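Step one of this worksheet: look at the structure below.
Chain nomenclature is as follows: A, B, C and D, assigned in order of appearance, with residue numbering initiated at 1 for each chain independently.
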Amino acid sequence: PQEPPKPGTEVSFVRKLRSRQFWRAILAELLGTLVLVSTMLGASVPGPGEAPGGPLYPALAIAAVIVSLGHCFGEISGAQVNPAVTLSLLATKKIDLVRALVYVGAQCLGAFLATGALYLALPRKSTAEVFANRVPVDGNAAQALGMEVLCTFSMVFTIFSVEEQRRRESTEPGNLGIGLAHTAGVMIAARFSGAGMNPARALGPAIITGFWENHWVYWIGPVTGGVLAGVSHEFFFAHSASRQKLVA
Amino acid sequence: PQEPPKPGTEVSFVRKLRSRQFWRAILAELLGTLVLVSTMLGASVPGPGEAPGGPLYPALAIAAVIVSLGHCFGEISGAQVNPAVTLSLLATKKIDLVRALVYVGAQCLGAFLATGALYLALPRKSTAEVFANRVPVDGNAAQALGMEVLCTFSMVFTIFSVEEQRRRESTEPGNLGIGLAHTAGVMIAARFSGAGMNPARALGPAIITGFWENHWVYWIGPVTGGVLAGVSHEFFFAHSASRQKLVA
Amino acid sequence: PQEPPKPGTEVSFVRKLRSRQFWRAILAELLGTLVLVSTMLGASVPGPGEAPGGPLYPALAIAAVIVSLGHCFGEISGAQVNPAVTLSLLATKKIDLVRALVYVGAQCLGAFLATGALYLALPRKSTAEVFANRVPVDGNAAQALGMEVLCTFSMVFTIFSVEEQRRRESTEPGNLGIGLAHTAGVMIAARFSGAGMNPARALGPAIITGFWENHWVYWIGPVTGGVLAGVSHEFFFAHSASRQKLVA
Amino acid sequence: PQEPPKPGTEVSFVRKLRSRQFWRAILAELLGTLVLVSTMLGASVPGPGEAPGGPLYPALAIAAVIVSLGHCFGEISGAQVNPAVTLSLLATKKIDLVRALVYVGAQCLGAFLATGALYLALPRKSTAEVFANRVPVDGNAAQALGMEVLCTFSMVFTIFSVEEQRRRESTEPGNLGIGLAHTAGVMIAARFSGAGMNPARALGPAIITGFWENHWVYWIGPVTGGVLAGVSHEFFFAHSASRQKLVA
């Protein structure tokens, strides 16, 4: 995610422009999460007669869609499309509380609409059970929670690192770095927790399919991992880390 | 796609140069679509004795070939290679009607030639049935249509976003962004509609194999999604959106 | 491939330096082709008890190794690592005859050494039959030849396009464009001809396994496709195409 | 890997800053290797009832995580996360002995912690046997050793090449080049030796699972290949190769 664009130089229109940009950013988060969740759910649908597959399709799909959304909405709302990312930006004081809450609301609505659209398009509605994030049959919630923390930590840490490089005009392609950090996260945790990493992506299918078992894991885990990553990056690893940051 | 190169500064040769560039652009669209459709059809051929596979090969192939074609023809014709893209550029007044129609014609011819070449190279001609875009057996045309709109929307929206970034000299690799937006589109809709996203790619195999069932889905869906994406980007999401655009 | 570095400005050491650079370039081609062919053969080895797979591994492996070799040897010898590429550069007068022949020799030697090394490392030597480029059982040599021409054409055309963009300092990552053009080529032709695209890669296994059936297809096809691509790019599609080029 | 950042310009705080940077770099190596090894082990876990798969997941996972770690820790410690890389930097006098030894220690500790965490998260502990690097049943240690040398050589050679390009401000994305060099290495050697390429990644699972058979192969092979690559790049292939380097 990138910080929202600064208000224009024309002083008299600033308020109005700001308001327009604010609504544009909300719609960007809604539409971005809609596309993200459509992609992840579409990638998890098995072919007719096939068993649900491993993490290959989600691992490829998440990198592709995150890079794509970075181009679409990166300069509008930061293409956060993930409550765990938004809340880690809030925890490091990069966005204010109102914006964070509105974004999370838009993300959840987008995820709900995406799940609804794909549910309508499913020939056999029973297939929708693959949409839900769930703890593996032979695992337990604590194991899944720990892995959600780990994979979201590594993903959000990369986002903060890329944002710092962007401020210093690195030529490395940051969107791809963030996309591949999601792929790496899927590889880490797919077999342990399904590698949700995104509470909105978990919420949409939970509402539509009514499967709420261990749903809290996919909120507590990613948010904890994301906030830990943001805080440790800002206050220890960043170039300009520590005192200055704590004051700013 | 990028806008066609501006005419040179030598005023006297402008007309002639323009004409030469015009024909070069048409040939670029023809050749580009030929390579695109060859790649997509080649990627869908199963090995001897194998059943047709899932969307993995098409998802990888489309990203690879779109990046490659962006390098080859991006500065000549914009490497549109897709009537849905060309018509969304027409709807946003980025190219004129004559150019759009000629490009679409060249794209359809390229797709036909590619399908013909691969048909000739097939050992068993019955395999050619995997070339066609088709609605899944247990789905219906309305579901497929909706998913074609969704996946083409997200793909064309990315193209417009990347083009805007290119005008502002972003260092993010735009070809890769567009390529991965195609991969994301395949992931969204492959199981619902085959993720055509390109009427020319659907037309070539329809002519060669004579399979026209629900063919309209692969024209109406992508064109609707593409035009919606172009219009919503230009008139709402773009940096320089709205009034100015409507006049220009 | 990039053109070899120009001689330094110190006039007196130019000859000597040139000679040193020449030998470094030859070793780069040898080592580069060794790594390329090791990667492609390693990617084609099935696991114990598995049947040889489809084009997935080669399609990923070729992109990865081509990007990697572009970083390693792109500024030393152009990282051509492929007689079809070298001969298309010769046909467009971008390198001279002596250099071309020496490079092709180094590439063939590198391919032979790579095949030998992997053959020694194979637990069961019968597995080595998967190393060879071969026409599918139910296809014929003419079909395979046509597909080799098509896929090498699209790949070499991308190389020429990327080289032209590099001269104009594009920020798109050219190595990745060339790597993904190889992936697209594999997707086009893998099921029809094995998508050799590289005579050296075909020669190494032919020598080690003694399998020479239809070997000519993997020389005539790629070289024809590559030369067609180079010539059509230079004399028609390039920014600075035609008269000037024909004289230069 | 990139060289560690130079000390600041404020002379009086240099010592202290240096010390702070040193500890930050050590933690970066520890955390980076923890994420790397988590990703590689997570990618190797089969689904319930599935047999362990081929090199596809590791090949994708390594590229994704290396790109991601390059963004996270490239400017802090060079994101070496691999004793074979650290020792090849030592052999070419790019880091001093103390730093090299401390980094290797941090890497081994990170790998141990990652393996421990994933072991705790595994529902059935017997699955942990897939974590270990092992010589294939029908192969022998010498064959595996040779392949480890080859694949680590090609990977480390790419790292040195990318570092040289970075010093000359190339616009090619170096993180991706290094990531894909790892993918190519996995493709070369996965079927022969498991393509360890990283002694720390081999050590962690060896400690946790107690599987030490042929463990030396995964230290001697990668370190030999890495040092050979570093030395041959610095003293023969680099732009500024030879005499100057030997003195510096």
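One rule holds for everything that comes next: a residue touches a chain if its C-beta (ideal position, glycine included) is under 8 Å from a C-beta of that chain, and two chains touch if they have at least 3 such contacts.
Here the structure is a predicted model, which means the values were calculated and not measured.
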Proportion of interface numbers common to chain A and chain D (over half same, under half different): different
Inter-chain centre distance, chain A versus chain D - centres from mean C-alpha coordinates, in Å: 28
Centroid spacing, where centroids are CA-atom means, of chain B and chain D in whole angstrom: 40
Chain B residues counted as touching two or more neighbouring chains: 56, 60, 63, 171, 173-174, 176
Overall pattern in which the protein chains touch one another (line/ring/star/complete/other): ring
Touching residues on chain D, where the partner in the complex is chain C: 54-56, 59-60, 63, 136-140, 143-144, 146-147, 150, 154-155, 157-158, 161-162, 165, 171-174, 176-177, 180-181, 183-184, 187-192, 236-237, 239
Residue ranges of chain B touching chain C (in the complex, touch as defined): 24, 27-28, 35, 38-39, 42-43, 45-48, 50, 53, 56-57, 60-61, 63-65, 67-68, 70-73, 75-76, 117-118, 120-124, 169, 171, 173-176, 179
